[in-house]
Amino acid sequence: MADPRFFRKHGPIKLGEIAKLAGAELAAGVDPERAIEDVAPLETAGPEALSFFDNPRYSAALGASRAGACIIAPAQAQRAPAGMALLLSRTPYRSYALAARAFYPRQRPPAGIAANAMIDPTARIDDEVSIGPGVTIGANARIGARTAIGANSVIEAGVEIGADCLIGPLIVLSHCLIGDRVTLHPGVKIGQDGFGFAPDPNGHVKVPQLGRVIVGDDCEIGANTTIDRGAGPDTVIGAGTWIDNLVQIGHNVRIGRGCIIVAQTGISGSTRLGDFVMIGGQGGVAGHLSLGDGARLAAKSGLMHDIPPGATFGGIPAVPMMQHHREVATLQRLARSRRKGEQDG
Amino acid sequence: MADPRFFRKHGPIKLGEIAKLAGAELAAGVDPERAIEDVAPLETAGPEALSFFDNPRYSAALGASRAGACIIAPAQAQRAPAGMALLLSRTPYRSYALAARAFYPRQRPPAGIAANAMIDPTARIDDEVSIGPGVTIGANARIGARTAIGANSVIEAGVEIGADCLIGPLIVLSHCLIGDRVTLHPGVKIGQDGFGFAPDPNGHVKVPQLGRVIVGDDCEIGANTTIDRGAGPDTVIGAGTWIDNLVQIGHNVRIGRGCIIVAQTGISGSTRLGDFVMIGGQGGVAGHLSLGDGARLAAKSGLMHDIPPGATFGGIPAVPMMQHHREVATLQRLARSRRKGEQDG
Amino acid sequence: MADPRFFRKHGPIKLGEIAKLAGAELAAGVDPERAIEDVAPLETAGPEALSFFDNPRYSAALGASRAGACIIAPAQAQRAPAGMALLLSRTPYRSYALAARAFYPRQRPPAGIAANAMIDPTARIDDEVSIGPGVTIGANARIGARTAIGANSVIEAGVEIGADCLIGPLIVLSHCLIGDRVTLHPGVKIGQDGFGFAPDPNGHVKVPQLGRVIVGDDCEIGANTTIDRGAGPDTVIGAGTWIDNLVQIGHNVRIGRGCIIVAQTGISGSTRLGDFVMIGGQGGVAGHLSLGDGARLAAKSGLMHDIPPGATFGGIPAVPMMQHHREVATLQRLARSRRKGEQDG
């Protein structure tokens, strides 16, 4: 069970209800009235808990698990130990996510405004907001209904935040418009000047950064990530895009809907990502590029050319993934044969 | 026009005046008395706005632009649509920067000290400073004239900050001396202990970090960047050096004047950079190296040896750029021929 | 001498006493009663200061040094200038660390609780803590004896911090348990949601992150580093592990004792590190991997497979270090011969 110091559990919930809300189907013979108390990983789940199986790496854990119930793909069902109540789903992880959210709904801080928050009288604060201690909110800013802002965060003048957002502690927002249901994790910095200047041996000349950052609805942005405002155009994060920790987004970057950008990735200025683009951890993307809808860039890659829609690239410099694998294999083969040659010679 | 919620525009300004302050020359026939209202990107500029053309990627945008005036290199002037008033400059981006700054001078918060700032009575605070809510300033610190410090920043004891600096919100400064006209973006952390210890299976032994960080005049340092103080010598950032977001500078690093260090770069302890060194995004530099004046390291590279003055290196491990390109091309050729051999065979 | 604005020096200390506390031996003829005033780098140390020699790169500095005393390995002793008092140690850097700590003991802020700290009445605060201005401490949190918390840090509900910790300013801790004698540098973020969701074109589905972060005793964690809480299992940082700045640790990662993780490294979810693992700067480790006790990963590498205990891997993708060196050499040779062929041809 999740540590009650940090999490409040709901339930029990019956298997039939879980199947319904999770988009899963009960396997033959499973009692829909059976009550489940909690969710847990395969290793620690007991007979009253629901778990899930999604990664073949963990087949041994599945076999040894004491979980009372498990969400699993139909094709994998025969791997489960006898007696485990199975909930069949083609997307077990998604189904598990929905089930787990029923047991552990997202906790929101209670509505209220800390006595020592510094809110400019011209700011527009909607109903039921939660504003933590030490927060400052500048002139003409707007905070949407039911949005929470964590302690000591700084919302600069003119910033607009939609409804139902979770803005963590120690965040700075300036020159930006944030949609509804956005989650920003601690330490996010959005809207500061981009790295825009004309290099000059007598002193680099700063270019005023006159754009904004537009963050769409339902985005999630990780801890200590930085997003610079546009230089003239805006920097745009499309609705439903998820960005991990310590990511850098340069000025004028436009990211489409539903993208996934893993930790420590950097995207240079004026690059455009289509919808549902995925970039692995520590990816690097040069400026002024275009990544088509559904494009993927492998972790640790360095992209210097466009990626067409749906294609997967990898390597430094990044090339189509098949070519990258071939290059890696070729070099390994050549290095092996050289060594063999040396040993033979 | 830049969003008036965030930016205050000056002007109009006559073309003749713009040319003068931007170091540009009016093309033949351009009326120096013509008034310009604003600056804007080529795509969105209207007949009363000034734009610029600097990157051949955007030739189509130039051709289609409705901008009334445009700063452009003499050699590119023939690409501009007829009727556009041209301002000729060999450094169009620099000239545009100067023009844009006339329309949008840097905004400084009004002078004043927030009622709830915690300022040690021994701190020396010069005139016309702006100190935001929740700021703490330690014993014997010094804040120069007209310097602004954003909300909830922490200035530890003994720190000295020069005049006309913009210190953003949520910044921590300790063990450091900051020059004049320095800009620190939100979340910068300067002066904490370097990663200095003697590894030991019975417990790593911390080495007291007894140096400081010295940041020269006119530096700009990006959001969430970290700069560790020296271990004995100081960590030094030379005047006019610009550092992007999420960069890591290790202890004892000495960086010269006018360097440009792009986002997510890491420079390990005791390495020295000469003047006007450039490091691309996600660059990595090992410790105890020397990069000569004007040296360049390509984005995503990993440097393990010195770079002579003026040379450009790239790759992992980084080698002279020509050699790096040759290595990349060689591997691509070998992988292609292997594939061809397989298909033929 | 270290800048007295920032450091308070103890001493003088006699050479005999220094040798004892540093685990070193006085070379023949050195007077144990000789008083040493300070520690300093070879370049700046004067006749009353102690320095150390550990890196052959600095042989010239040793030869030219005016240091009165120097800690040095017995095998290197003949490199020292005549007249320098030598303290012999097989681990000169470790010995120097111990000596320097005698001159410069770690400074702790004086005990006391800032008047404007917001401490929940249910929080348990032990004796002699130091809690800075603007700190917020949530319900049922626990702060151990003699622990210091820097200005404007945010300790969320339920968090437990042990004794004698140094928690810097502008830190956020949630869903975590922190051991004794832990140092967290400014800007660390621990315990936020991991990047856990089921990707879905109709909106990624968040998976509740129900684990915690457990940080063992004697850990040190660098500025702006982020550590996500577990998804179900905990994220664990073993006792005595040191983590540098801007590192990302994903959910469910388990790190053993005494590991060293250099700046800007990223470790993906559910990976396990044994004890005394070392990862160089900007290292990247994929998820669900295992690095055995004493494993090493070279800087800038990208690891996609397990590392057996004691082995060293490097490269992207990372391979055993010997193989990596061979691959690099092979490619350099092929590129050279290709060029030669072109010039000849």
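Going in written order, the chains are labelled A, B and C, and every chain counts its residues from 1.
Keep in mind that, in the parts below, a contact is a pair of C-beta atoms (placed from the backbone, for glycine too) under 8 Å apart; a residue touches a chain by one contact, two chains touch by 3 or more.
Keep in mind it's a predicted model, so treat the numbers as computed, not measured.
Bringing chain A onto chain B by least-squares fit of CA atoms involves turning it by 120°, to the nearest 5. Copies chain A and chain C of the same chain sequence form an interface built mainly from non-equivalent positions, shared numbers / all numbers used being under half. Centre to centre, using the average C-alpha position, chain A and chain C are separated by 27 Å.
Each of the following residues of chain B touches two or more other chains: 116, 134, 152, 170, 187, 224, 246, 264, 282, 316, 331, 334. Partner chain C is touched in their complex by these residues of chain A: 2-3, 5-7, 39-41, 43-44, 55, 57, 91, 93-94, 96-98, 100-101, 103-104, 106, 114, 116, 132-134, 150-152, 168-170, 183, 185-187, 218, 220, 222-224, 240, 242, 244-246, 258, 260, 262-264, 276, 281-282, 299-300, 316, 328, 331-332, 334-335, 338-339. Across the complex, chain B is touched by residues 116, 118, 134, 136, 140, 152, 154, 157-158, 170, 172, 174-175, 187, 189, 192-193, 195, 197-201, 203-208, 210-212, 224, 226, 228, 231-233, 246, 248, 250, 264, 266, 268, 282, 284, 286, 288, 302, 316-317, 319, 323, 326-327, 329-331, 333-334 of chain A.
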